[in-house]
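In this document, chain identifiers A, B, C and D correspond to the written order of the chains, with residue numbering beginning at 1 in each.
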Amino acid sequence: MLDKNGIAKRIAQEIKDGYYVNLGIGIPTLVANFIPDGIQVVLQSENGLLGMGPFPYEGEEDADLINAGKQTITMAPGAAVFDSAMSFGMIRAQKVDLTILGAMEVSEYGDIANWKIPGKLVKGMGGAMDLVASAKNIVVAMQQVNKAGESKLLPRCTLPLTGVRCIRKVVTEMAVFEVDSENGGFRLLERAPGVSVEEIRKATAGRFIASGDIPEMRL
Amino acid sequence: MLDKNGIAKRIAQEIKDGYYVNLGIGIPTLVANFIPDGIQVVLQSENGLLGMGPFPYEGEEDADLINAGKQTITMAPGAAVFDSAMSFGMIRAQKVDLTILGAMEVSEYGDIANWKIPGKLVKGMGGAMDLVASAKNIVVAMQQVNKAGESKLLPRCTLPLTGVRCIRKVVTEMAVFEVDSENGGFRLLERAPGVSVEEIRKATAGRFIASGDIPEMRL
Amino acid sequence: MINKVVNDVQEAIAGITDGMTLMLGGFGLCGIPENCIKEIVRQGISGLTCISNNAGVDDFGIGLMLQKHQVKKMIASYVGENAEFERQLLSGELEVELIPQGTLATRCLAAGYGMPAIFTPAGVGTEVADGKEVRNFGGRDYVMEMAFEADFAIVKAWKGDTAGNLIYRKTARNFNPVMAMAGKMTIAEVEELVVVGELDPDHIHTPGIYVHRIFQGQGYEKRIEQRTIRKREGINLAKAVDYAG
Amino acid sequence: MINKVVNDVQEAIAGITDGMTLMLGGFGLCGIPENCIKEIVRQGISGLTCISNNAGVDDFGIGLMLQKHQVKKMIASYVGENAEFERQLLSGELEVELIPQGTLATRCLAAGYGMPAIFTPAGVGTEVADGKEVRNFGGRDYVMEMAFEADFAIVKAWKGDTAGNLIYRKTARNFNPVMAMAGKMTIAEVEELVVVGELDPDHIHTPGIYVHRIFQGQGYEKRIEQRTIRKREGINLAKAVDYAG
């Protein structure tokens, strides 16, 4: 089983040289730490920044410089600031190459739910609905099962949707899946080290597809 | 009869303190010369400038600083530059208080034609269609009759339209009219010095409205 | 140049009355119009509909207005980090409309650019699209969303001049420029107010034509919501805490 | 930061082939991509559809492409000041679509912001609206206009950095930022190319994400179309010639 950093590390392999990447809050934020050396990426923060850098050194925090998670950050050389309309303009126009975000549920058709639990949690969707509706390349970072041991990879989402048929890839503590949004199904691509196909199958409530030898992740 | 400067001088009286004003090419451009002292106006140039100043001194022309008529200009203190989308954004959002432009024909319902003579002249509408469709306060500067002596204030425009029911006021070499776009008609407000109501009536092909004493313009 | 300067925050917010719709710039606590919010709280103007990306925190920003029950309806994209908000929402005291962040920004842009409606793919197939027109262009579905109408837009800029031209600083820009364009009446509070001619016309983010009143604010707290830092060299932490992502 | 620099104008326009649709920034002769236009003329690429506010003058700008009959169709708002253009138009050699200037700009913006269509009042009741959907919002009619699709957008900026960030100078900005956003592939030529870090992130007009290739242009002529001046003190001309209006 992978921990959060393990999931982030695996997702970092999806990043190619020259990509503009939008990282959501939570595990996706950790992905930045595992971007391979020599690969040039630009991180987009949807509050209005291209070229997010590391956290500031202590004492150098600037209240006017935060990311979409409201964390204090710095700017990388070559950064550009813009307003919220342009920020989502470039997202809608599919200029961002890769979007990584968390999810509460994903369906076998690539639907995603991550913004609301009726009567319980209503924090809002923030930029997630814009991102999932627009991005051509979305990877979801999530736990495969909830605390009660129930799978979050479902035939249909039970929670209010964030987006429909938009998720292409899911990385969990157990596996990497490709979502077959045409026919419906989670196609197993890789297993976490030491996790068997059978274990993954049991933790997948939606249609499970595994053919041939499924390799272990290389981390 | 007024000359071009006379028309410009009369139109300048329409400008109130604190106005943002867009001046078209030709006579409207001359209006800037007659803005009364003590009145603060900001001139908008639809290629992307608020705060147009006078022409530059010889030798100080800057190819990167022109107005919508492609003339070299300067910027007034407090000027702001923006792109074409924002420029027409503020026009559409009716942030410009007064628009002054020329016309080939105006109808008694306030329709205007000023961009095309089929088979003869096809220079294009530039920003005129956006301006007339959006501005809440448009004054037209034009000659009342063409070179053949025919009135250009018509029951209906004969040339392709630039905009429909949009013109509120017309200033010519002979008179100032208010356009009654509800019922149709050119309501005579003022006569040019020495011009009689009867002369103006003869030079107005559209419905002519003149009631009571019509004052002479004060220039 | 037309002078937009008002003397103080009281004069700036004059005309804001109970029941109005306000837009408030800022993202989280970054770039929020602190002075105007405090004065609205002080005056106790109520029954307000607030359009803002977030609702502040319990004791700052729009959170201050919520504490005093001045907000009837909140239109926002994300409203976490605010316990009082959640309480009012769940108890039914507060009406809330949650909309995607990009839709929020673009509905402001539409107002500022005189466009009555826009099309966005955000929310297609979700409850956000319920009751709205969905239209297909080039094989993709888009929701039609309407331009906002706000009585007042209140924004915070870094520098401004007497003609109302505004310059924002870093990510404190966020929603401020699009909201500045969208208000029937726009109030700008700035950290530094200068005379016309001091700002480079090429650097201006919001041209003064969109701003009706401007004043220099005082005592900015500029609170930080999530203070994240990395340690200086010598303490070799895992790279994991070094990156904001 | 991702490096967008190409070596020269040849490399910059590589991939532009006969029959493509190009957007070209500039207003009149102000802020036009002189280097790329010259190279397109030199290579004789033909059958082009050009989207640009104007069509240059007889011997400069897009006028050079017209002289060599490289343009099949011109989409513009104003095409005066060009005798060869008029000749080709009247003889039927050249297809021309004239659209309102604001519509031109906003159709670019729509493309750059991922919006398939926009609504504008410009052209309602005129031949511009013929065959288009007209829709009433709040008692006013608007024409629905579609976002542009362009194979290449070619823009000219003042300064740019190796990551493709662009800054324009004065009114040479005009259509360049909106076209930079609208191309499937965007080429930027700049007067001065600097390394990342030299441009203030708050001053950037076009973020590099919209720019695919950048190079420093050479030998800019920057022609002036209408040289208008006022005399210095001592020669007391009528105020009439003193003001640009």
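Here, a residue touches a chain if its C-beta (ideal position, glycine included) is under 8 Å from a C-beta of that chain, and two chains touch if they have at least 3 such contacts.
By chain, with names taken from UniProt: A, B = 3-oxoacid CoA-transferase subunit B; C, D = 3-oxoacid CoA-transferase subunit A.
No experiment lies behind these values; they were computed from the predicted model shown.
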- Chains touching subunit A and subunit C alike, please list them. D
- Query: Any idea whether B-C or B-D has more C-beta pairs in contact?
  - Reply: B-D
- Note on the structure: So the chain most remote from subunit B by C-alpha centre is A
- If you average the Cα atoms of subunit A and of subunit D to get two centres, how far apart are those centres in Å? 38
- Query: For subunit B and subunit D, what's the span in angstrom between their mean Cα positions?
  - Reply: 27
- Whole-Å distance, C-alpha centre of subunit C to that of subunit D, is 33
- Message: Two or more other chains touching the same residue: where does that happen in subunit B?
- Response: 49, 75, 81-82, 85, 88-89, 91-92, 134
- Taking each residue of subunit C in turn, which ones touch at least two of the other chains? 106, 113-115, 120-121, 168-170, 173, 201-202
- Query: Name the touching chain pairs, please: which are they?
  - Reply: A-C, A-D, B-C, B-D, C-D
- Write out the stretch or stretches of subunit C touching subunit D in their complex. 106, 113-121, 137-138, 140, 142, 146, 167-170, 173, 201-203
- Message: Quick check on the complex: what are the subunit D residues that touch subunit A?
- Response: 1-3, 111-115, 161-163, 165, 181, 196-197, 201-202, 204, 207-210
- Message: Could you list, by residue number, the parts of subunit C that touch subunit A in their complex?
- Response: 27-31, 53, 76-81, 86, 89, 96, 98-106, 108-109, 120-128, 158, 168-178, 205, 222-232, 238-245
- subunit A residues touching subunit C in their complex are 5, 23, 28-34, 43, 45-49, 52-58, 60-67, 69-75, 81-85, 87-89, 91-92, 111, 122-130, 133-134, 160-165
- Item | subunit A - residues contacting subunit D, complex | 18, 20, 40-42, 44, 49-51, 75-82, 85-86, 88-96, 134
